[in-house]
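You will see chain A twice below: alongside chain B first, and alongside chain C after that.
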Partner chain A sequence: MKPALYLRDKVFFLTAIIVILCIVMAVTFPAQFATIDNFSQLLLNLSIDTIVAVGMMILMIAGMFDLSVGSIVAFSGGMAGYLMYYHNVNFLLAIAAGIGGSVIIGFLNGWLIARARINPMIQTLAMMGIVRGLALMLSGAGIQNFSYEFVYIGQSKLLGLQAPVWYMLAIVLLFIFLVRRTIFFRKYYFIGANEKAARFSGIRVEKMKIWAFVLSALLAGIAGILLSSRLGAALSTSGKGLELRAITAVILGGASLSGGYGRIAGAFLGALFMALINNMLIISRVSGYWQEIILGCILILAVGLDQWLLKKIENK
Partner chain B sequence: MLKLRNISKSFPGVQALKNVSLEFNIGQVHALCGENGAGKSTLMHIIAGSILPDSGEILWNNRSVSIRDVQQARQLGIAIVYQERTLADSLTVAENIFQANPPRNKIGLIDYQSLHANARQMLDELGLQAIPSTRSVDTLSPAAKQMVEIARALVQEHSLLILDEPTASLTTAETNSLFSIIRKLAKKGTAIIYISHRMAELAAISDIISVLKDGEYQGSFDAKQTATEIILTKMVGRQLLNYKYETHIQKETALEVKKLTGKYFHDISFKLNKGEILGIAGLEGSGRTSLARAIFGDEEIISGHVLKNEHLFKARHPADAIAAGIAYLPEERKGSGLFSTMDIASNIIVTGLNGLWYDKAENNVLAETYRKQLDIKTNSVTTIVQQLSGGNQQKVVIAKWLHTHPDVLIINEPTHGVDIGAKTAIYEILKYLTGTGISILLISSDMPELLLLSDRVMVMYNGEARSILKRSQMTEETITAIATGI
Partner chain C sequence: MIAKNIFLLLAFAACWSCEAPPRPAASSTAIKSNEKFITSDVINPNEEYVMVTTAINLPLYVNHDQAAFKKWGEKMGVRISILGPAEWDVPAQIATLEQVITGKPAGLLVNGTDPGIAQAIKKAVAAGIPTIVYDSEIPNSDRHCFIGSDWYEMGRLQGERMAKILNGKGKIACIGILGLENMEAGFRGLQDVLKKYPGMVFLGTYDDKANVETAARITADLLSANPDLAGIAGFDSNTGPGMALSVKEAGRVGKVKLTTVDFEPEHLRLVKEGVIDYLIGQKRELFTWLGAQFLFDMRHKTVALSGNDALAGVVPVPKTIITGSIEIDKTNVDIFLQNLKERK
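Entry: the complex of A and B
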């Protein structure tokens, strides 16, 4: 493979950059950066984003995206919290209700987009508002004082890492495997590459699209439960801006807005890269205001670099 | 007025125009005809300034000019109505007509009062009193849209008007009113270039008919004096490929279509035998593609039946048709046949994505057998299909359909944009397939292809099956005549 091709392979490229960044940071700030505590915290911070980004990656492979995932995170936690706090519902049932409600939202998104042919951007933008409203109704100013069982899900530790990190790793590994090895998930690459040809080749594109939105909402629902359990509170503001962070991570990780490209590992690496940049800025005491500015610039740079490399390859 | 001298133009792989010389005169309706790919569109684009010729000279009022862009063509007085719609659907009729140069008021804003008044006047002049200038274009009928398109071309200063297939979406009455407009314009001194497939129309409207074939000028004929047959023979006839017809037709019926009606075709009935190649001829818009898609489950069937191996069968989705042993190779290779950014192996195995596990290595092995069988010229099945030539790409699409092990293969323009060598190879593949008992419905605009391969040919016109010709009755002239509505 030519060097330009390696650079265009986002999983390779991001891994390389992440390793370089880690080395630089470890040398510059050995006391603050290269500690187990820092890494454990870093992974914890990116776990919720990554779980959502996995669903977003599958949508993007198929050439779509979902803006309502951030609201679903708040809704799912709010639903579970509301049922436990006000109605004394068993925590498992409450979790099932939160995730089940999220799945219904995902199904509605998918059905309206695939069957009623509403543009994904408009549909999920509208759903983002609707679901955020629902989350506000459910959790109001915030619900606290959850049972030990519920809080345990997100606050327990194993081998020095908090539970959400393990959930994230499990989900990432599971989907890396599924997307690589199952025919069901491979179909999304075909849909993203050429939807019309996919239909002509016998792929039931509409059904597949509905499943993708259901899956994205399911993962967002799980993320919502984990987040409220970890915080010990269901907040209506949870997951604000998460949809855009997930899309950023997924694009950094090699997805394309036009579909057909991307790997699950890329979603994780994209999120890890973003968390790492944040971590670097905090440790080197750069003002918090700069974080979003720098991330925005990195996104533009990454996409610009990719276009430039593509041109180089095509000219050869 | 306009003289073309020795115009040549080539695109990668095709010589679109070879030393074409033509003259267009004031007040004359000059028809250009020829088969698909004869070079009519290229010539028109050159006159309109959207394509530059490789060599040759253009004389405008006996002065040598080079038309470098559309703007310049417009300044010379060349107006053009393209075959594809170019209207802005959400704007009103008046806004569309004066799109290039709307009347403005003192401070430079659009003056809507004069805009509508001017549009009204323009429409009235064309005899289009029925079209309100304030209507949004998307609410108009296809015919009215076509008229608005013409009105828009005419508001600019023009002394030459080019019409490309203007009647494709018009009824007979609408065609007649368009013709009277054309005659009026010609009488006023406008030179008109009229491009059409429909022979009957050409005789009715034009003064002179010029024929192009494979990019070469075949001569000009007086429209009123020359018999249509003479023009048809000029249009057709080409060197044949190194391919021998052979029939593998068997007795059993593989596919039967009974009084099938869809959105763009009606009351079609035919039987396709095992091992038979049934050609389907017809112009674009004759309903042939729509028919194929309806059988394949991609378009709605309004009434009628399809029988597969004598069992009633209805596909609601292409997946149903594939499961029943029907394959469809669509006409737009890039748009709906290929996954251009993916590799050969993925493009082939896509039709067999059933079951649970995906095994890339196994797929590559499988794809490799097809690569060898169809002689797809590349080193490896992991080559991205974008990098293949048109002929090899088409072989990939054929391979993808062989992978479904179909009994009936519907193919639409299988050799469009493919060179002679690949063409012959594809014909050999089709012949081999019929030998294994596969039946083929061959939709093609390439006349020699239909004549060479088909056991029978069904000719469609305006959504109807006009006739089904046996091999002994098949000639290029008869087929073209029926397909153009004579």
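Entry: the complex of A and C
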């Protein structure tokens, strides 16, 4: 690949920025940043966002997005917690109920958008409120004291990394393979690029759309279970603002709001980039008042630089 | 063949290094190492005390908790940092806390926003960092000390005052943030009092999501739906100004009795105007001033309770401090307003 083509590849571009940021941080804060503890914490903190961002990436490749994923994260953990704590349900059944409920929510979103033709933004915005309300009803003031088996899922460690990091890596690798190699997932690129053409070429667009929402909700449901297990608590506030973080990560990672573009590795790198910025601001003790402003400016700068480079290459 | 061997080796390494979380009984608040704490009053230039909260720019936090913490830092000549998300986002507060732990600060002051932060606090304690929770208690967190308010009592006091103002009769509603442990305790305290008065009807608890506009909208709806509404009890800092706004707009000042928490300048002004009847305030400055001082004392072993507190497993600060609350109504509001003028 020529250097110019590398620059056009957002995954490469983002990787380069991440590497530069890491070097700058390691030189500036060697004792705080360049430690195994900090890196394992960084990966742990981005694991939930990344799992959700993978689902969001598939939706955005198909030209859609889901604003209810953050609420589904709270619902899934809340449902499992509620069943285990108040009804002494076995932890595996409780997890199945949490994830199963999430899948039903995803199906409802997909069906109403694809079949009833409700605008995805309106539908998922409404669902976001409904599901957050359900999560609030289930979790109340927070549910704690889960069984050891449930807590084990999110708090055990392997090679020094906490379990959610491994789940995240497994999901990312699985979906990189699926999106690259299977016809089923390749169809989403056609749908996102030109829905009409995809329909004429025999792709069952409505069905594919429903599956995309089911998949996104399934991943959000898994993320919710992992988050509850990691925290040892089901919180009604879990996943607040996660939908926007996931969309930002996915766009940073190369997806387009109009659909047809994007790679799973991009979703991971987008989430990693945001987690890194957050980590950087905390380590450098930037006050919370400034964090939002700086984060916004860095995001604009990253996307702006990417667009500027792209234009330069096209003009050559 | 080589790939297969590498895979087997990695699989073996993975199984060998799999680490289960500690069983609940294994946790301890004892400070395990003697070396983790300094034995003199000399301040290390790198000695940093960190406050981790959520909704970092909430005026209530800025004007009370953070202001006292900053003053304490100036007085003691130590570095202080205040970190946390701008929104009310507990998982983001946990993520911040866990990242701060890796830097091993001299002490941690954690706003007890939700029981869900217990695991992160346990991590801090396990890492040997003196850790104090303030505002609301976090059960099962192993924290070294808790300094804060008794929210059940704050709800109970609001209920008693409401019953007194209304002579034990009338319809009452309650507005706050649903799903927060401290507020739910406050709601219970209020309702337990109301149960003692058969003439008082409890309409329900409503969520204003810590937002003035939402509190105002809910109040307006309650006033429309219940023309005979007698009173509303508020439970978060934004509820008071929100419900006062709607009661004023509806021309029902004095007819609908309002009680709420906190005593920000806006709350005090509304009491002076006669819109709000009763405020129950927290001694928030004490949370962070005393909390920071305790962290310093732990770090510097200011008070020794045994030959070697660390080895004896003694935590040389109080386990729990309930600072009590401040009751404000028309009879004493001027004193608090005067204090505000002097501060300016």
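Definition applied: the second predicted complex is superposed on the first by the 295 of 316 C-alpha atoms of A that agree within 3 Å, B and C clash if a C-alpha of one lies under 4 Å from a C-alpha of the other, contacts with A are read in each partner's own complex, and residues count from 1 in each chain.
Rule of thumb we're sticking to: a residue touches a chain if its C-beta (ideal position, glycine included) is under 8 Å from a C-beta of that chain, and two chains touch if they have at least 3 such contacts.
As the structure is a computational prediction, the values presented were derived from the model and not from experiment.
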Chain touching more of chain A, residue-wise (chain B, chain C): C
Partner chain in contact with A:K312 - chain B first, chain C second, else both or neither: neither
Contacts of A:K196 with chain B and chain C, given as first, second, both or neither: first
Which of chain B and chain C A:V151 touches, first, second, both or neither: second
Contacts of A:T237 with chain B and chain C, given as first, second, both or neither: second
Touched partner set for A:D37, first chain B, second chain C, both or neither: second
Partner chain in contact with A:K187 - chain B first, chain C second, else both or neither: first
Chain A to chain C touching residues, read off their complex: 32, 35, 37-38, 41-42, 44-45, 48, 136, 139-142, 144-145, 148, 151-152, 155-160, 227, 230-241, 278-279, 282-283, 285, 287-289, 291-292
Chain A residues within the chain B interface of the complex: 180-187, 189-190, 193-194, 196-204, 260-261
Chain A partner contacts - residues on chain B that touch it in the complex: 296, 298, 317-319, 322-323, 328, 330, 335-342, 346, 350-351, 353-359, 400, 404
Residue ranges of chain C touching chain A (in the complex, touch as defined): 13-14, 17-21, 23-24, 56-57, 81-92, 94-96, 98-103, 114-119, 139-140, 178-181, 183-184, 207
